[in-house]
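Down below are the structures I want you to see.
In the two complexes that follow, subunit A is the common piece, with subunit B as its partner first and subunit C second.
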Partner chain A sequence: MGFNPAVERFLIEWALDEFVVGHLLGVQTFHYGPDLEENIAVGSISQDELGHARMMLRLLAEDEKELDRVVYTKPPEEMKVATLAQAWKETDWSYLVVKSMLYDVADQVRFDFFVRLPDEKLRTIEGMMGREENVHREHWQEWVDILSSDAEGRRRLQEALDELYPYLADFFATDVYEEVAKAYGMAATDKSSLLGRCLQQVKERFRPYQYTMPLADEQMVRLLEEPKGRAGRHLEVFKEIYADIHSVYDQHPEMVWG
Partner chain B sequence: MSAVGVRQVTGADVLQVLKGVEDPEMPISIVDLGIVEGVAVGEEGAVKVTLMPTFTGCPALEVIEKKVKDALKERLNVADVEVKWTFGGEWSTEKITAEGRVALKSFGIAVSPEPGKVECPYCRSHNVVRESAFGCSLCREIYYCNDCKNPFESMRRLVRVEA
Partner chain C sequence: MSERNRLQVYEVLVQETKDKFPVNVGSVRAPSPTLALQMAREVFARRENCVKVMVVNREAVHVLDDEEYLGYARKKVFRLPFLREREARPRERNGKQEDAG
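On to the complex of A and B.
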């Protein structure tokens, strides 16, 4: 719909992140837990994230099969999905809580960047998404609070933080922000300032429980030069996720809903 | 060719038909649910219906779209129908009509008149507690009534929180 290529790339990267996050939360609903209400909550958040992906892609193309092609016809190395979005451990609830908390905070920083872009066409998707994401963040914060209430929970969360926190650098390790800002003639937006904002918000959310962040801010900034998922270099588990996501499409590539 | 008998189809005709299109997840028409944003009839009789989902991830968009097209074709013989989804608006429970509220209540789903004022659809008590912000569909959340001891659902109301 006539977007600058940089803006198009920004929307596709974002949509693929949301799609993978939504897909994995959908998988979690089949693990039935920790309790029925949570199962329902995870299912709802999953649908929201998939809905966000659909909404962003609809800005680029109305036709369902065209949208499918964006998601389903790229080889893995062309899917620049953030490592944080694809992080996944079967049946590890603490890991999923930390992953979701970190992802949603990083996503909020990206959303704040997005809402400043001077483009009426983009304004059409922010209202609902903003409200839904507020609910998600507060939901995961409740779980951080619950799991932090005893020593075993804190140990598990710290373990997950140690592994997942460095992935926040990869989330912002893309030049797309600078390119988008340039396309709209805005002041340069460098990725290190976005990462810095994100790290500050993450620390505020985990601070009440004295968690230790495994890397200093300077180390995180250096990691921006070593993109992983953002450069198409994925975690081992992504092979499985990729195959899972493609399984239905590959059998019936011409199928349409409705 | 799109006509009711010999006269041109009007927006009111279209709305009347949409009143009969039920949401796939609740016994309430899409008009009463407040998701019909606009109806336009072109000079050639082409109809454009603009809808707004309750939540972005609503899995029923394609189904609703098909129901709208089928109903307009069947009832008004209009074949040229465009259904456009808009995500820019902010659907909220205020958009549900009075008739819709009654229908939902009889189905066991509360619609609060304002935040924090949820009424049990069974005994009308306000002595209720929210069990979860998420329900069996994206637009509902789960409550429990401390008086009549019934669990029930309420239409979900989201508010924008400035970052």
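On to the complex of A and C.
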């Protein structure tokens, strides 16, 4: 639809993050939560995220096969998926809660950047996405609160936080924000200020339960210069995710589904 | 398990349109009212539109379920607000006469 290449890259990076997050939430919907109701809620969040990926890619291409090509024909190193989006442990509820909370807070910072872009074509998707993301954040915050209500829960959340928190730097370790701001003639938006905003919001959400952030803000800013997923250098588990995502598509690449 | 993460049953009420009363459509188990609302929305209203979803902790509901007592209503013909005598007569259903109502 005639977007600047930087805006196109921004939307593709975002869509691939959402696609992987949605895919992972849907992989084991049947035994995530403590109850059927929670599993259904997680399944629904998964579908919301996949829907967001689709809405973004729809801005770039009308044709179904064109959408497929964006997601399914890239080799792993060309999929600039945030490390946080691909972080995954089978059947670890606390890990999933922390990952989802961190991802959704970082995603909110990205969304806030997105809604400031002066482009009417982008306005069509923000209403539904914004509302659904509010519900997702409320959902995961509620679980942080619930799991923090006893010592065992706090121990598990702290463990997950220690592993996942540094990945927030990789989330913003891309020049795409600056390029997009430049394309629209907006004031410079550097990645360290976006990361700073994100860290502040994360700390506000975890502070009431006295969790310790494993790295100081300055250390996090330094990590911006060592992108992982954003540079196509993925976690070991991404091989499995990539194979899983491709398992159906690769059998009939020309099929138009639905 | 602390009180905070104890799963509790919430009755779910859904109001389809603004001109209808909310109707009790079922229940969910959830560890908090906020999650109960989210789960209620997903379980009972994810495929149908509505204007309101409510949850009530089942422990907060006062119940009257004496079926015999509650079954008297139709027997009290003198209370029925029918204007014509014909309507107040016992109803016939499947060839059998029923009590008034």
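We take it that the second predicted complex is superposed on the first by the 255 of 258 C-alpha atoms of A that agree within 3 Å, B and C clash if a C-alpha of one lies under 4 Å from a C-alpha of the other, contacts with A are read in each partner's own complex, and residues count from 1 in each chain.
In this section, a contact is a pair of C-beta atoms (placed from the backbone, for glycine too) under 8 Å apart; a residue touches a chain by one contact, two chains touch by 3 or more.
These numbers were taken from a predicted model, which means no experiment stands behind them.
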| Superposed model, subunit A: greater residue contact from subunit B or subunit C | B
| said: One more residue to check, A:I146. First (subunit B), second (subunit C), both or neither? | reply: second
| request: Could you say whether A:M129 touches subunit B, subunit C, both of them, or neither, answering first, second, both or neither? | output: first
| query | Touch check for A:V221: first (subunit B), second (subunit C), both, or neither? | reply | neither
| Is A:A160 in contact with subunit B, with subunit C, with both, or with neither (first, second, both, neither)? | neither
| request: Figure out whether A:M79 sits in contact with subunit B (first) or subunit C (second), or with both, or with neither. | output: neither
| query | Should A:A41 be classified as contacting the first partner (subunit B), the second (subunit C), both, or neither? | reply | both
| note | Both partners, subunit B and subunit C, contact subunit A at residues 37, 40-41, 43-44, 135, 139
| In the complex formed with subunit A, which residues of subunit B make contact? | 53, 55-59, 62-63, 65-66, 85-91, 131-136, 138, 142, 158-161, 163
| request: Under the touch definition given earlier, write down the residues of subunit C that touch subunit A in their complex. | output: 1-5, 7, 28-32, 34-35, 38-39, 42-43, 46
| request: Using the touch rule from the top, collect the residues of subunit A that touch subunit C in their complex. | output: 34-35, 37-38, 40-41, 43-44, 135, 138-139, 142-143, 145-147, 149-150, 153
| request: Name, in rising order, each residue of subunit A that touches subunit B in their complex. | output: 22, 37, 40-41, 43-52, 54-55, 58, 108, 111-112, 123-132, 134-135, 139, 257-258
